[in-house]
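Alright, structures below, take your time with them.
Shared between the two complexes below is chain A, which has chain B as its partner in the first and chain C in the second.
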Partner chain A sequence: MRSSLAAFFSARNHRALRTFLTATWLGWRQEASWASAPVFALYLILRPLSSVLILVVMYSVITDGALEQPIFAYIYLGNALYILVGQLVGGISMAVVEDREHYQMMKQIHTAPINGYAYMLGRGIAKLLLGVISALVITGVGMLFFPLPLHPAAFDWPLLITSMAVGLTGIAALGVIIGALNMVIPRHIGSIGDAVAAALFLFTGAIFPLDVLPTWMQSIGFALPITYWLEASRRALLGPDAARFPTLAHFDDLALLQVLALGALGFVVVSIVVYRWAVYRAKANDLIDMDTSY
Partner chain B sequence: MNAEGRVYKATGIKLFWRMLLARAYPRFVSPIREKSWLFFETFLPLMATSAYVFVYKAVDAPPEFIGFVVIGGTMSAFWLNVLFGMAMQLYWDKEIGNLDAYILSPGPIMAILAGMALGGMVVAASRAVFVLVIASLAFQVTYTISSLPLLILVFLLTLLALYGMGMMFAAVYLAAGRDAWQINSLFQEPIYFISGFYFPVKTLGFWFAAAASIIPLTLGLDAMRQILFSGDPALGFLPVEVEILLLIVLSVVFLAVSQWALVTLERIGRRDGRIIERRR
Partner chain C sequence: MRSSLAIETRNLGRVYKIRHGRKSEPKELVALKDVNLEVPRGEFFGLLGPNGAGKSTLIKILSTLLLPTSGVALVDGLDVTRDMVEIRRRISLVSGGENSGFGFLSVEENLWMFARFYGLDSRDARQRIHEMLEIVGLADRKHTRIGELSTGLRQKMTFVRGFIPDPNVIFLDEPTLGLDVAAARDIRAFVKDWIRRYPDRTILLTTHYMAEADELCDRLAIIDRGQVLACDTPANLKRSLQQDTIYLLRVAPPDSKPAPNGTLESVPGVRQVTVAAGDGYSELKLRLAGDDALGNVLSHVAAQGSTLLSLEKREPTLEDVFIHLVGRGLSEDAPPNGAQGSDE
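Let's turn to the complex of A and B:
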């Protein structure tokens, strides 16, 4: 026991972990220090709450308020879960822009003895924490004010924890890929993360079943691990109440996790390669601290 | 400079007009010189619009609701332009040093705001047309226009009131610190919701819709939908004529308030020596 604790605390001193934790704290301070606590809380809640209310009203207008139907929980939870994707992908990719253009400290980051990959991940994790708070609030609102069939005692916790761990790892890797590309491109650095998040929102069936998409768009959805992460998370949260649509119904939980793990692993490998390439290119071409004014 | 050593700014319609065109010019030419903008600024609204269309398709909504989403998605190009191309612009200009040049120039800053608005309208219109055409074709939306002149009038009045509001925000953001970005972000999804970008605002109830009418897009979208999908007038919040009248009132109020806010904040900023201060 003592040796495992010692191993854990020595691991804290590992450069990558230390960098990750410091970057997470830095990111949190940057994100949370611009306003008083009540204003900040309002900021965390208002945007995601509005986006989910848009869907609630759209759904209610058409179905005459049939909120107990399984598809409502599918839409609602998909929207709440997708907050994490937007925050993680956008957070990591924009951290590069903020550090380089706004705080103008990119040169210091890349000359300090830290792990740059872990730093990028850490900056994104701070945004993810904000996303988690928003998603929990939205889900709580759903349980309180709408008939969402969510019962924590009935959650499939092993499936939920596994899908979250694997899925968010893959999504973070995607954020690193976009962040790395932001290091070497001079234009649209603020838009690429949003564009990818918007495209994934459409193709992964976050707020509607993939069945309603044209076949060629469904193929894109099937190729993305986020599709399987959303499905696995919904099943873990809703249990037997989860709406099963033909496109993913033939996947059992284990198969979903296997596909998700494979996709996440692919994203992680690609992110490491792209990150190393981007840092090399940025340093070689003197782009590491460029000011694009975008 | 006069005998008492006081400096007066040059004024006059000619100076105002030249300043306006000078500020609008970069916005006119930027889409031509930097074509890749077109992809990002049409791709994003198109993706969001499509997602909401598929939600309606998933619950078997009547076809006109898909048209409502397309119109909402089209007008979102203008709202995003007002938020990020108008409201935030003076703040960004301050951050990158352009505001110093504006302050030193002999022209009125109001002309700069008007130039930003004119250029922004033209650029956003090109994006909006793209989204409208692609989404209408892709989702086979059918429009039944009851009156084209009325539609054009509503559209122009909506833009006038909307960009007047953007000018007012731009003046207010001059005094903002690094919270400007986050505050501005708060005006995205919440406004999509309260203005009924993707559903008839009437469904939110009369008083909610009435309060939301302070945002010109609430009235503009509602009126345009009534004119474009004339099959069911019961979907409208207020009669189109009333909405036109209210849009005229909003235009006048926002333009007047933006002028007052800009003059006041510029005076306070000069007095305190903080108008071009970058706050990080």
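Let's turn to the complex of A and C:
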């Protein structure tokens, strides 16, 4: 009994891993295929640079160039980190629409013995990798050209690695939830993943502390693991400077990680339930390979 | 114990609920109704039917893309509603006219990706891809992006994708749709060769093309409006019409009165008439009770002022069987309010 159970889980995990890695490769080929290697490399650098320059110019105009203020580091890093949210949520959820309506490959993929959940994750990972490159470029530029108190030797690496692993797991689960909903929405009216990521930008303390929001809006932020992930990552990178904003100051690092882990776990559980429900609905209502003229 | 049947359906049904607007009551369309099929292992089985007959709905259910609304469907002895992943390990689906792959991938990359999805080791996959591309004459295009291939070459690649996982059961849904004659012939040759080399594998083919079904299938089912009307070998199906006589008449002018079915069908001995418009003539296909009835037909044609251009006696074909069972030709649309699936 035990050995048959072990064999079942082994085969299942192997299938999931194989699906995930192959889908990741597919996603990367998709991202890298639209341009030659040098142009793609240039794009990877110029894209985040342009966004960071816009942010810095706007901030400088509004604050009369007060780049040494702690809020600048707060906004700058929040903006860099939040790129990962947009890329991961948008990448995973958009893959469903692209596969189904642009490439019209949903039928072939869903008759192959893949793990559908792992496939969705894999398709989004390539976008996450682009996001990581963007975040690194932005952070590097911040260290080199702006007075950000970033010193790699002083980073709290264990906190950073843990918060990244747990936080990105929760964010990927959010992407799966939206991707699963895309499977059963017959009319594509734009990128829901991008819209959700943009909406959460306001509630998660990415560019301003939650305290500036009305109380009811703060509640939304406190319910989202992204808020705790951003705080933990900022603490790991900025050290004491991150503590100047009181929103989550009453959480020590361990408590912060615990809340983050609980939130991420909740998102993962919900994503599995929603994914299974969506696949069932799609198969019951003949939506797997629908074409809504995307 | 392994089932001796590759495909089995019992009272299989599928109803689509179509809503035209949020507040309107959903309208039910019966795509499949009480379909009972038994396809033994190793058989090349065909589904012949017009658009909307339910062929693609049936294939979608059998390939786990769609849930039935009633009845049971088993593939390789496994239930399509419960054992989806295990079924998918054993089947493959090739559809004609499909997009064929991610256009930014090369032929080899696309096939490798699907081979990996099916669990093939990367090295084995490349080896098998190379062998199969050689067989279909695509080896020199393996580094070409799919988006740059012609329709015929893309379809060949799709075929290779379907056969690379070495499935127990393969579903071919209108596989030669839109292909030129040479490409369709190559595809049929490939399929025949495959079934000869692997006689324990099962193929289910849906097609519009009578000749294709006649050439390839061991047995076939004629399906219309979601129901199986007949199921037998092509030879037996044709034999069922042999008590009748089939004549092909060409008459001019094309708009002459003998053409309408109603008029000719009232002639004694005439069992069925179908009319096709040609360039400057009408072609009448007549199923007669016997040769004796031909005199009555010719007299009727002459009395209507039409000129007989040619007359040919024919052995029954699958198309004749189809017309006999369905009441219209494959190219003719089903009448309104027919039970049609939304997928075709």
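Observations, loosely collected:
The rule is simple: the second predicted complex is superposed on the first by the 273 of 294 C-alpha atoms of A that agree within 3 Å, B and C clash if a C-alpha of one lies under 4 Å from a C-alpha of the other, contacts with A are read in each partner's own complex, and residues count from 1 in each chain.
Everything that follows uses one rule, which is that a residue touches a chain if its C-beta (ideal position, glycine included) is under 8 Å from a C-beta of that chain, and two chains touch if they have at least 3 such contacts.
What you are looking at is a predicted structure, and each value in this text was computed from that prediction instead of being measured.
Between chain B and chain C, the partner in contact with more residues of chain A is B. In the superposition on chain A, A:219 contacts neither chain B nor chain C. Looking at the shared chain after the overlay, A:288 reaches chain C, while chain B stays out of its contact range. In the superposition on chain A, contact is made by A:110 with chain C only, not with chain B. In the superposition on chain A, A:51 makes contact with chain B only, not with chain C.
Using the contact criterion defined above for the overlaid structures, shared-chain residue A:29 touches chain C, although it does not reach chain B.
Contacts of A:18 after superposition: chain C is touched, whereas chain B is not reached. Touch criterion met: A:59 reaches chain B, while chain C stays clear of it. Residues 34, 103 of chain A are contacted both by chain B in one complex and by chain C in the other. Interface residues of chain A, counted against chain B in their complex, comprise 34-35, 42-43, 46-48, 50-51, 53-55, 57-63, 71, 75, 102-103, 187-188, 191-192, 194-195, 198-199, 201-202, 206-209, 212-213, 293. Chain contact summary for the complex, chain B toward chain A: residues 34, 36-37, 40-41, 43-44, 47-48, 50-52, 54-62, 65, 96, 177-179, 182, 185-186, 188-190, 192-194, 197-200, 203-204, 280. Interface residues of chain C facing chain A in the complex, by the touch rule stated above, are 16, 60, 63-67, 85, 88-89, 91-93, 95, 98-99, 101-105, 109, 113-114, 116-119, 161, 342-343.
If you check the complex, the residues on chain A that touch chain C are 15, 18-19, 22, 25-26, 29-30, 33-34, 103-105, 107-114, 280, 283-284, 286, 288-289.
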